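Beneath this line is the structure, given in structure tokens, with notes to follow.
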């Protein structure tokens, strides 16, 4: 069951990457990054259990925090930058 | 007791992975940013909670369970806040949701004609 | 350009999960906090300052492609002699690694071999790395410092109020989170002997909590909370702590960075030495990251105000 | 089996992507991104060397006999933090170049420099 959940999360991560590459607006990309981050937290905690080393949970916790920090920072900078979605971003 | 625990944990993991997958399909298939965010924001929180609870039920020692609870609390805090901030930033920078204009005008017309 | 930065953020997350699969817990820890958080953030600031458009390259990339292709082929030819992936009898596992794996528990009393190798066996290396980080901090300080007048309290207050309305929910959540992040940074710092963690990771996590604060409460408020000159002194103090531990061990009759002589009991000495060194590393890394971020943000503000005046 | 070398090939591919970005793109920030990719490929190279089949994370535990090699982990751990510090320095230089030249494209900067030296000769 652990393995199945890990595989499911891997599939979702691939979907998130596709959205991040396609994403027409900046916000789609940020959304993809955010989702990718939460999925990584889950993936790492699952891997810790699969491998039988629960020390991995520390890393998952760092991820949960850092992901939030980076999402907030990206939003602040895109705000300060006056980004308009009509512009095509390169 | 052992079997009950493992079955319930497997069930939780199953629900969690299903929710994850549906969120993943949602982020890829929905037409505009806000619906995508809806798909991700809603499923993400519950999926994470389900998977973490599923792991907790398998937890080998109390310190691991404690850490899982911390992660769970953090996810419950962070995930909705991030979604909220994202939506707020998007709407402030005038990214408007995709509205089916044709249907709306048709409805308006149908409202107007009787009067 | 924003898309590039965003994708490189995803790349950082991805490579960190790769490190987890490869059993490199400590490395994954560092990559998680650095690659996903701080580097994305710095790139973003730099992109915001330098403009987000990019010229289309005019010259043909064929030459570059040819060079890269030939180099790649040569490198792949070179890998044919390498030991197979994961084989336990590869040369890299024969040299000093068995000693670290087998004896570090007796010699240093640390369950986490990475910490004991980092701080004790290879203490000289780490000293060098810390100095490099310190130097990079000084470099950024020299390049990006802005002379600025004192801003009045009223200005800060008005900015604060307007931000308070805009980011009410975020602010409340973050106010609750920041103490946990700081506490967690300390946990990582002092738990490095037993689990994944240590000074490098703790420093970055600590800095990211401060960065989060700056993001939502504005530079002016943050400058009042965190004294800049104190942070600059702290980064030097971190390196000094490291060097002084080495000197004290010389004075006690050992060699440089030999902690066994720090206390009567060799194991206790090792523990004390590694703890102090990790503390020094943590101080330097945290304060250098904070300095770098502050300087970037100040420069950004300065450029924006200059542009505002000229237009 | 020659396929047992696949980790090195992945590293080489990543490394070459990084190198290509550094050579072919004129934008300085993009060059730094390329440098980062190159750096990460080196990290992956070291870590995959340190991996032992059937081994586990190098944290001492009851009844575990086979660990991964801790030495590459130590080297890379410090390298990551040093890497971010140097990246910050590079970005700072790019920001200052933007202020001095008004552009971070290599060609534009080169053109401006050439113009300056030409003026001096005249």
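Just so it is clear, A, B, C and D label the chains in written order, and each chain counts residues from 1 on its own.
Criterion: a contact is a pair of C-beta atoms (placed from the backbone, for glycine too) under 8 Å apart; a residue touches a chain by one contact, two chains touch by 3 or more.
Here the structure is a predicted model, which is why all the values come from computation and not from measurement.
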Query - By count of C-beta pairs in contact, the leading pair of chains - result: C-D
Query raised in the report: Just how far, in Å, is the C-alpha centre of subunit D from the one of subunit A?
Result: 22
Requested in this report: Using mean C-alpha positions as chain centres, tell me how far subunit B is from subunit C in Å, no decimals.
Outcome: 32
Query raised in the report: With chain centres defined as C-alpha means, what is the inter-centre distance between subunit A and subunit B in Å?
Result: 13
Query - Inter-chain centre distance, subunit B versus subunit D - centres from mean C-alpha coordinates, in Å - result: 35
**Report entry** subunit C: positions in contact with at least two other chains
**Finding:** 1, 23, 25, 45, 54, 170, 177, 195-196
Query - Contacts with 2+ other chains: residues of subunit A - result: 30, 32, 51, 53, 55-56, 58, 61, 65, 67-68, 72, 78, 83
Query raised in the report: On subunit B, where are the residues touching two or more other chains?
Result: 74, 78, 81, 85
Report task. By the touch definition up top, name every chain pair that qualifies. Result -> A-B, A-C, A-D, B-C, C-D
Query raised in the report: In their complex, what parts of subunit C are in touch with subunit B?
Result: 167, 169-170, 173, 176-177, 180
Query - Touching residues (chain side subunit A, partner subunit B) in the complex - result: 1-2, 4-5, 8-9, 11-12, 15-16, 18-19, 25, 27-28, 30-32, 34-35, 38-39, 41-42, 45-46, 49, 54, 57-58, 60-61, 64-65, 67-68, 71-72, 75, 78-79, 82-85
**Report entry** Parts of subunit A lying in touch with subunit D, wherever the complex brings them together
**Finding:** 51-53, 55-56
Query raised in the report: Along subunit A, where are the residues that touch subunit C in the complex?
Result: 17, 20-21, 23, 26, 29-30, 32-33, 36-37, 40, 43-44, 47, 51, 53, 55-56, 58-59, 61-63, 65-70, 72-74, 76-78, 80-81, 83, 89-90
Report summary line: In their shared complex, subunit A is touched by residues of subunit D numbered 56-57, 59, 61
